[in-house]
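Just so it is clear, A, B and C label the chains in written order, and each chain counts residues from 1 on its own.
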């Protein structure tokens, strides 16, 4: 039963600075998001926690599910970058919200990167296709879900709103399809990032969303 | 100190289709539960996430605590079955609520199955008795707890209501006792499922519950 | 990139009874905290869950992140002590609140112990300094965070209030500094406990807190 749907893949590797930039983008977004809730009296540590969780929480969930020590804990950089970016995002939120379009684009690219790393890492340790897609999406959207749980808010990706997890899911499918067709992992990974980013940005631009739950 | 309370056991194995049926029962229940909260604008993905979490979230927590890659991620079936069942549960909720008694029974059997698998798996990797009981109960009720956290609701099993975790706890105790007395794991496991199911159904029928917290 | 900031350390070991006493202190505190919310109809099992989570939830998060089976699941004692202490905390809450100062002190010492164990364990498995500090703080405050998530409350350590995680962070820094300077782990660990406890108690006494989030 476990034989079908296995695709052999290497892990999609990106330079450390790209990974850290994606982490920083997530952390800035998390801090700006948290800043909307002034009445909650979040303190500086709370902002830092939101930064860490939004910046590499998805990757931590990915590695926990793959039964590995989280990659973000094997280097000093991730925590420093995520907390620094979160505090910067908090202090400069007026500046950042003026360049909101840049943040949205950076965030869409991060979504694609985390997704490509997640799905290829899952394939590379031998998981079948469907769980690998699942891991890719969890890696991409898990940080935002943890952020919402920690802030006590409804979880964004579970509710009607611009496509986010779906963009990652389609990007992940692209990576699996390209890899199964024999494409090099670098090509497949970059394709996944592009597909995810484009779908996410089009969804933001045109307000695409999934239907609400309903009964027949 | 760690010497006492160790019982040697094999893992209680069930056919894949039984495990998938139990997963589907959990996912359908999760989707029907989520359907009560129409004002929350859960979308199709949200329903799928609730299905996955309620269907095999308990088993994922079990395997995370036992430091293994979750069994549900080692096959393509669990995610497909859980999301499919959740969407079916959403679409056909009127049909399913007419056969609610069947759902309650199926859910009680699933509770027992997840409990028996959990406690025997914990014993089989060498955990002492008390943590093995704990793992069995977490495997049985963890999916529902995660569901409540993701929906931002009070966690059902922590509050006054029909016995659920207690049914699993007594079933788990039965399995440990039977195994310690030399019973075959298949016998002990089936006994655990029966004990858990019966207690759960009697609790639903007669409204049994644990006392509320109170001080002397 | 991963070369800097690595400090070789042994794990700070404490006698089992001290660890269990710290677990019990956490569990009692958790139960007394939960007792404030009488309108929520928490039942006895709910109180037990809060006890387990507050008593050794931080240690469980630590071990999950370090990719190990949680230490608290490798002995029968932790679960028994944590649930017993939680039920005692519930029953005798009037007694315990009269000796509240003792509970606050015991809790501050536990904070330091969990922190010292966490940071030294992380260093001992080879994590760099920054993630080790992170693990130490998570081990110290993670139980309280899980408690707040399970009770559906704003997470205490993320909001303006007496220093708690910061006390653990400074204690963790002390341990790393002392170890890097060649101090014996027992000395460094006890120093960490003392530093953490003193900062925490001074913060309670003088109402020290971190600034609230704000923009430039």
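Simple rule for what comes next: a residue touches a chain if its C-beta (ideal position, glycine included) is under 8 Å from a C-beta of that chain, and two chains touch if they have at least 3 such contacts.
From a predicted model like this one, the values you see are computed outputs, not experimental measurements.
S.K.: Specify the contact topology among the chains shown, as one of line, ring, star, complete or other.
M.R.: Graph shape, chains as nodes and touching pairs as edges: complete.
S.K.: Rounding to the nearest 5 degrees, give the angle of the rotation that lays the CA atoms of chain A over those of chain C.
M.R.: 120
S.K.: Have a look at where chain A meets chain B and say same if over half of the interface residue numbers show up on both copies, different if under half do.
M.R.: Different-residue interface.
S.K.: Just how far, in Å, is the C-alpha centre of chain B from the one of chain A?
M.R.: Here the centre of chain B sits 29 Å away from the centre of chain A.
S.K.: At which residue positions does chain A touch at least two other chains?
M.R.: 64, 67, 149, 152
S.K.: Going by the contact rule set out above, which residues of chain B touch chain A in the complex?
M.R.: 16, 34-35, 38, 40-47, 49-50, 52, 60, 64, 67-70, 72-80, 90-94, 149-150, 152
S.K.: What residues of chain A sit close enough to touch chain B in their complex?
M.R.: 1-2, 4-5, 64-67, 127-131, 134-135, 145, 149, 152-155, 157-161, 165-166, 209-216
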